[in-house]
C-alpha cells in the first residue's frame, strides 16, 4: 500500500503553502465578481479560473510543458492575443458617432491624462520604502488609466511582465466598476445645468467616410507613431473589414470565432500570472491604488476638457461627455447617459457619448505607443 | 537613478505624452473634418435601398401580408 | 524524357511496401466504419484519413516539416488538443441528473475497475512470449476501459506515445460498439425483475448547485489528486462557462468552434500514429483484446455495484444503471434505456442513466490522474 | 523487473487505484449532498421567469400562435 | 523636451524611404481593388493591409517577434495555411457536375498548358539582361496560370519564397480579372455557332459516387504522384467530410470557422512578403507579364481542347467550356455561362462549366505536384 | 547552367508535365466512369427525400427569414 502513501505525498493537501491558498482565494473572488456580480465576466471568469489552476501545488500547469505555460508563451509573450482581441474589437466598433463629431477626439485625448499623471504618481510612490517601481513598471501600471484591457495587457507584456497579472486584474476590475467610480466625480465637477445640456442630433455619416476612417487613423499612426502600429493597425484592420462590406465572412470571424477563442486563452494566460510570488507583494497594493487613481484622474480630466469645450462652443456640449473619454466601451458611455438622464429625463446622451468613448480607445492606444517608444 | 531624476523623467514623460496624444488626435480631428468635406452623403444610396431590397431579399409579398396580418391580429388580441 | 523516369521513381507504386498498404487498408476500414456504419464518425473519419495520409510512401506528411508532424507535435505531444476537447465536452455536459442523485457517483467509480483489472491483465500477458508491456504501457492500454477518448489520448501521449494510435482507435471503436458489447453482459448479471425496476423522478436542481458543482469537483481534485487537474480542470472550466450563464459567447466557442476545429486536427494527428512500424505488431492485437476485456469488466463491475446499491436501497435502484458508469456518453445511457424498455415498456431510464454516465467521465479522469501520479 | 514483481506492482496499482477512485467520488457524494442542503431550490426563480421572459425573449405564445397560422396560410396559398 | 525629439526621431515621417512609400501605395491599390472594384476582396483586402503594415518604418511588424513574422513563419513557411484553405475549399466544392461528365477532366488537364508554357517563357525571359530566373523561380511563377490561389502560395513558399508576394498578388488579381481576360480569347477561338451549342442535361449523381470520388482521387494521387498528396489530400479530406454526411460539424468548421480565420492570417502573411526589397524589382514586372500570359494560354489551350472534343463528339460539347478549365472557381464558369448566353440566350452553361472548373483545381494541384517532384 | 541547357530543361518539363497531367486526369476519367457503372442511382433515396424533408428541415430558409423579419418588425413597433 505504499502507492497510497505516494499518492498522499502527491496530494494538494500535503503540499499546500498558505500563499497558494491565498492566491486560489483571489481566483475564487474573481470568479465571484464575474459570475455573481457580473463584472466583465468574459475576462474575469477565465482569469479567475486560470489563477486557481496556476496555483495548484504539484500540478505543473504553469511549468514548461504545462497548458498554461504554452498559452502564456504562445499568446501573450508574443503579443499575439491582445492584438487579435484588438482586431475583433475594431470589427465590433462603429465610429459613426465620432466621424459625425470629430471634436470628441479631444475628450479622448484629455482623458489620457489619467495615464500620464499616474505614471508620475507611481514613481512618486518610490519615496515610500518597499516600492521600487522602474519607469517601465510605472508605465505599465499607468496604462490601467486607459481603461482598455487588451492595451494594458499588451503594454504590460512588453514593459513589465512580472506585473502583468495584477495590472490586467486591476484594469478589468476597474472597467467593471466604472458605474461606481465615475458618477461622483462627474457630479462634483459639473453643475446641474451643465449636466442637463441637450445636444444636437448627429449628422448621418456616409459609408465612404466610415471606410476611409480606419485608413486615415492608420496613416496618421504610421507617420507619427510607428510604435503604436501593432495595436492601432490591427484595430483598423478589424474596423476596415467591418465597414468595407466586402469581407463579411472575415469580419464575422474576427468579432466572433477568433475573439471568443482568444478571450478564453487570454484569460487563462493572464490568470497564470497570478502566482503568489508576483501577486502577494506590496507592489500589487500599489497597483490597485494607482489604478483607481488613474481612473479617477482620467474621468476628471475628460470632464474638465469637456467643460472647456462647452464654454468655447457657447454651451452646446454637455460636459458629462468628457467622462466617456476614458474608453471602457460601452460602460462609460452608458454611465454618461444615465447621469445625464438624472439631470434631465429627456436628455439622451448615449449616441453622443459613443464618440468620446471610441476616441478613448484610440487615445490609450496612442499613449501606449508613446510609452513603448520612450521607455520600451 | 535617484528618485529626483526619476521624478523629473516621469514629469517629462507626462508632458511629452500629453502633447503627443493631443497632437495625434488633434491631427485626426482636422483629417476627419477635411474628409467630411470631400465625401458626399449617402442619401442617394439610402433612396436606392428600399427599391433594391425586394430583389435581394425576395420576401414573397403574400407572405409578408400574411405575417403582417398575423402580427396585427396578435396586437388586437393583446 | 528522363523527367518521366524521375516521376516514375517517385510514384507510390514504385515505392510501396506491403506494410504501408496494410496500414492504408486499416485507414480505409476506419473510414468505412465511420461513414457506412456511423461508428463515432467525428473521430474515426479524420483518424482513418490521417492513417492513409501518414502511410503514403515518399509524401513525407509525417516527417519533420510535414503537416501531420506539426499537428501531432503541436497538438498531442503537448497535451493541448485532448485538454481542449475536454473543455468542450465540459461545456456540453449537464450534470443536473448527477447532482440530483449524487450516489450515482459510486457507479462511475465501480466501472473504473475495468481499467485497473485490465492493467493487471496487460502485465499478465507478458507471460506470453512476444509481449513486453511495461507498467506505463499497461496503464495507457488499460485506460481504454474508461471509455473516454480524450482521456485515453491524453494518458497515452504521456505514458506510451508509441501505442497511441492503437489505443485511440481501440477506445473510439469500442465506444461505438457499446450497443453490442454491453447488453449481453447487462442481461447476464441481472434478473428481468431487476431490469424492470422503475426509478423515482429526479428532483429539480437549482442553478446555484450547477454553478458550484464544477468548482467543488475542481476543489476535490486540487486537494486529493493534483495530477488529474489538467483534465479535470479544463472539464470544469468548460462546465462552469456553461452553467454560469454569464459567458455564453465563450461557452458556445468551447462547444462549437474550438472543439470542431480541434477534433479534425486531433483525428489527423492520431491517424499519423497509425504507421506500420507501431501498429502492425503483436502489441496491437493485445491492445484490441485488452480493450474489449476492459469494456466488459467495466460494464460488469458497474452493474454489480448497482445491484449492491439496489439491495441496500430496498430495490429503488435499477441495476442496469451501473452499465452507464463506464461513460461513453451518451451511448451507454441510451443502451441502459433500451435494455430497460425491453424489460418494461414504461420504464424510461435515460435521465437516470445520465447521472452514472457523466460520473464515469469524472471517474476515468480520476483514474488517469492516479496512473499519472503513480507510474508517470 | 521480473514478471512476478510486475504483477505484484500491478495488483498494488489496482488496489490503490480503486481505493482512490472510490475515496474521490465518495467525497464528492458527501460534498454534493451537503451542497444540496445549503442551496435553496430555484422555485422562486422559476416562478419569476414566465413574468420576466417577455422582456428578454419576447416570443409570447400568442405571437407564436399568430405566426404559426400565418405560416400555415402561406403554405396553403403556395 | 528631449522626449519629443526622441519621438520625432521615431516617427515614420523621419524614417521613410521612397521604396517603402511605393510599397504602401501598392498596398493601398490592392485595398482599392478589393473594396471598390471588389476584386477577390477576401484575399486582397488582408494582403493589401498586410503590405501596408509590413512597410511601416520602425514598427518592426515584420521583424522577429513581430506579428507578421509569426504569422508568416507559422502559417506559410510551414505550408499549413494553404493546406487548411484547401481543406475548406474541398468542403465547399460539389463535384457532382464533374462526376456526371468525367470527360471534362480533359479540359482541366489541357488548361494546365498555361502553366508549363509559362515555365518555358519565364526561362526564355532570361535572355533579357536583368532577368535571372532559376527553374524553381520559373515554376513558382508559372503556377499562376493554375488560377488557384492556395496552390500558388503553397508552391511558391516551397520553391521561391522571395517571389511569394508578387506571385500571390498576381494570382489573385488575375483570378479577379478573369471576366476581362477570358472573353476575347474565347471569342477569338470559337465561331458563334460553336458558342451556341446547347448541352444535354447532366445525369443525377448518386451520394455513393460523391463519397467515393475524393477517395479515388486520393488513391490516384498516392499511386502516381505522392508529391501532390499534401494539397490533394487535404482537398479530398474536406470534400469527404462534406459528402460523407456523417461529420457535418467538422465540414462546417472547415468551410466556415477555420477557412475564415486562416484567410485573414494568410492574407496578412502574404502581404508581409510585399516588401520593397523583394517586390520593387524587374522580376515583379516579369511575374505580372508572365502571369497574364499564363492565364491567356491556359484559357486558349482549354478552349482548343474543348473544340477537339466537340468535333470528336459530333458537336455535343460547347467549346467555351474549355475556358473554365483554368479553375478560378466559380468565376471562370460564370464567364463561360455569360459568353454562352450572348451567343444563345437560351443556353445555360453554368452547371456544365462547373465540371471543367473543379477539374482545373485538381489539374493545377497535380501540376504543382509534378513541379515539386521535378524541381523541388 | 547556360540558357540553352535551361531552355532544354524547361522544354522537357513542359512535355513531362503535360503528359503527367493528362495521364493523371485521364486515369481519373476511366476510374470515374467505372465507378458510375457500379454505383446504383439514388432514385429511391431521391423519392424518399421530398417526403422526408418536411420532418427534418420543415422550415424553408426564406420562410425563416420572413418570420425573423416579421418578429423584428413587431419588436421594433412595440
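Lettered A, B, C, D, E and F in written order, each chain numbered from 1.
Following the convention adopted for this analysis, a residue touches a chain if its C-beta (ideal position, glycine included) is under 8 Å from a C-beta of that chain, and two chains touch if they have at least 3 such contacts.
For clarity, every value in this text was computed on a predicted model and none was experimentally measured.
Undergrad: Look at all chain centres (mean of CA atoms) and spot the one farthest from the centre of subunit B.
TA: C
Undergrad: Please state whether A-B or B-E has more C-beta contact pairs across its interface.
TA: The greater number of contacts lies at A-B.
Undergrad: Quick one: report the Å distance separating subunit C from subunit E, using the average Cα coordinate of each chain.
TA: So the centroids are 41 Å from each other.
Undergrad: In whole angstrom, what separates the CA-based centres of subunit C and subunit F?
TA: Averaging C-alpha atoms per chain gives centres 34 Å apart.
Undergrad: Give me the residues of subunit E that touch two or more other chains.
TA: Residues 3, 7, 224-225, 257, 370, 374.
Undergrad: Which subunit D residues reach two or more other chains?
TA: Residue numbers touching two or more other chains: 13, 16-17, 20, 63, 67, 70-71, 74.
Undergrad: What residues on subunit C touch subunit E, complex-wise?
TA: Touching subunit E from subunit C are residues 3, 6-7, 10-13, 15, 24, 28, 31, 34-35, 38, 41-42, 45-46, 49, 52-53, 56-59, 61, 65-67, 70, 256-257, 260-261, 263-264, 268.
Undergrad: If we count contacts the way the header does, which residues on subunit F are in touch with subunit E in the complex?
TA: Residue positions touching the partner: 3, 6-7, 9-11, 13-14, 16-18, 20-29, 31-33, 35-36, 39-43, 45-46.
Undergrad: Which of the residues in subunit C come into contact with subunit D in the complex?
TA: 98-99, 102-103, 105-106, 108-109, 112-113, 115-117, 119-120, 122-124, 126-127, 135, 138-139, 204, 206-209, 212-213, 216-217, 220-221, 224-225, 359, 362-363, 366-367, 370-371, 374-375
Undergrad: Note which residues of subunit E are touching subunit B in the complex, please.
TA: That would be residues 1-4, 7 of subunit E.
Undergrad: Show which residues of subunit D lie in contact with subunit A when the two form their complex.
TA: Residues in contact with subunit A: 12-13, 15-17, 19-20.
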